[in-house]
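Below, chain A partners chain B and then partners chain C, in two separate complexes.
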Partner chain A sequence: MIRTLFMLLAGLAMATGATQAQTVDSAGSELTFVTRQMGVPVEGRFARWSAQIALDPRKPEAGQVVLRIQMDSVAFAAPEVTAEAQRAVWLDTARFPQAVFQSKGIRAAGGGRYELAGSLTLKGRSHDMVVPVTLTQSGAKGIATGNFTVRRSDYRIGEGEWTDASLVAHEVQVRFRIALSGLPTS
Partner chain B sequence: MTPSASTPAAPRYDGVAIAAHWLLALAIVLNLSLGFYMHDLELSPLRLRLFNWHKWAGITILALSALRLAWRLTHAPPADLPMPAWQRIAARAVHRAFYVLFFAVPLAGWGYSTAAGFPVVWFGVLPLPDWVPVDRAWAEALKATHRVAASTLALLVLLHVAAALKHHVIDRDGLLRRMRPFQR
Partner chain C sequence: MAHPLFNRTPRGHLQALACGLLLGALAGVAQAEPVLYRFDPTHTFVHFELLHFGTSTIRGRSGPLSGEATLDRAARQGRVQVVIDTAQISTGVAVLDARLKEGDMLAVQSHPRAYLVAERLEFDDAGRVKALRGELTLRGVSVGLTLTALRFNCYTSPLLGREVCGGDFEGQFNRSAVGITHSLPFVSDTVRLLVQVEAIRDDAP
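This part shows the complex of A and B:
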């Protein structure tokens, strides 16, 4: 019910908003992250996620970005780590199947750079954050890249004996590369 | 009077070779034991710690083995004691195999770790270069290589110790004096 209402509102916002939404080309896009285990960088990725992006570089403040990540699509090179990451003490993908980043304000920082203020909801908790994005545009196509840090302790990812930051660092570096088409051309 | 005491002038390995032998013997036996103990542990903070300590120790053994090989190639060991030809051939074969495995075991372990998506960071500080791709097939092949090479090394250690004790207890030929530490 709340979900329906939300979608209705989102649809309404899209319909009334002046900014045209872009299409994400999944082939050229990726969402990866690096955890640090006893000083060792261990890379993971999310295979399934979707982004609704409506950004007009001419008036970025009117833009909107929503990123939805399917948490059970998490994958590491080592299958035992993939299985571990889904457990309740880590991402608890059974109870929290989706993570959502919802933008609240977009600010142009010049030279194709933007700052997305928004909130990240992950494992049932929400925190505000600012995500820096660099957009390289060529015609109607563009590549949005950026990286930001998520503190796993803010979201209770890695509970109990795993809270120890000397084993697994609290800072997780998230990197994204999103290929877009349908950008407004001036 | 024991035979060894009657031959005080019998040639010995030099001090560096003796120190390297015992230091690396201890490190290798401990790291082999750790490897056999930890390899099928459930994922836990203990497993994570032990695996990293094992890798740090393994890389240390690899580096020291390179120095030891350089020393061995430039410093001739004492001449063989009188013994049947087959024993001399067997001893030399085991020593050659030791040196091959001092490198093969840690290198396969390092490659396995890298291929499984865990680059090796020595003591959690110094990132070592990746020389294999992050790839499931590479990881499986190098894991098997690491296991077989380490098991072979463990068997050769047992054989080496048994042979040394045989010289000491049965032949009483003073062979152990050549490698005994803290002795002039």
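This part shows the complex of A and C:
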């Protein structure tokens, strides 16, 4: 039964022409975020993450995006903050080594802008969100940029006394820049 | 001056350099701008002390304090404003805290906030704040207050990547001046204040 379903889906994908995947150029890509500590923006980054991106600007709704972040690659300018962020009350990187964003639907918003509806799984909890992406394409290469807000309280990041937002704000702004090659050219 | 750079510099150049530095310093004063600092709520508290029967010292604390400071260290000017949430008071004795909040004492219901505004700042030669002169408003009554720096320093916070300035300050006032006369003279009229403050530079350096 499952096998039949798989064959059917595979056939469907071939029939509709599944979108070809792009390659991520890690040198030109970065994943950063900004927390606000006592009102001061403090930037962090993830050094290790991977993205599977299959986006055809001519047919965005058929696209797929999966982003996997290795949580122990989190880094702040101050090593004390990096160590603190990995602890159980914050990201708990030992128990939850990976965060995943999985797209569920891509919608073109015009002018190289897209809206990725999807689900973010972080510290064992999943929430739906919409991520705005701007794609600047030049031939087969492109840069996808965007930013979105994650409420750390939605994922129990900052437990106990830290649930209070007066020292560390609940809103965390995530910023990404992903360099792609292998984009379909018209 | 045994500095190797100066040894290698011809005299005329040294004078030109000195002139340049002087002009630069004057320009620095002319261009000096007030810098805004906001209180760090984890390092900003006031402790108070009153003598009990001439025998031991009652101590309590209020905070974290909220407020901000504007410093123009080149022009040796500044302004500090502090807001004290009077209900935040703690002596470690619950019944005393409750009594202190009543109408004849801190009157936290009618006066939930006390204020300290200091507009006359003294600086030492190194540009460190030496004293703050201003007014304390408690129970809606204002009295003059001078806070003297026990220490003052600025550093760059490795956590925030920002300049932080602050220090420890002490001062005193008579509580009878703001109408708190309960238990006089067994509990001293003099209230000694010890203020811990650190403030984070508001704009990125």
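Of note:
Assume the second predicted complex is superposed on the first by the 169 of 186 C-alpha atoms of A that agree within 3 Å, B and C clash if a C-alpha of one lies under 4 Å from a C-alpha of the other, contacts with A are read in each partner's own complex, and residues count from 1 in each chain.
Everything that follows uses one rule, which is that contacts are C-beta pairs under 8 Å (C-beta built on N, C-alpha and C of every residue); 3 or more make two chains touch, one makes a residue touch a chain.
Not measured: the values here are computed from a predicted model.
Taken together in the superposed arrangement on chain A, chain B and chain C clash.
Of the two partner chains placed around the shared chain by superposition, neither chain B nor chain C is touched by A:A165.
By the touch criterion defined above, A:V100 reaches neither chain B nor chain C.
Between chain B and chain C, the partner in contact with more residues of chain A is B. In the superposed pair of complexes, A:V42 makes contact with chain B and with chain C alike. Contact with both chain B and chain C is seen for A:A77 once the two complexes are overlaid on the shared chain. Annotation: chain B segment clashing with chain C after superposition, chosen from 8-16, 80-88 or 116-124, is 116-124. For the contact definition in use here, the residues of chain A common to its chain B contact set and its chain C contact set are 37-40, 42, 77-78, 80-81, 167. Residues 43-45, 48-49, 52, 115-121, 123-125, 127, 134, 136, 139 of chain B are the ones touching chain A in the complex.
Those residues of chain C whose C-beta lies close enough to touch chain A in the complex are 38, 40-42, 158-162, 200.
Across the interface of their complex, chain B is touched by residues 37-43, 76-78, 80-81, 84, 161-162, 164, 167-168 of chain A. Those residues of chain A that touch chain C in the complex are listed here as 37-40, 42, 77-78, 80-81, 166-167.
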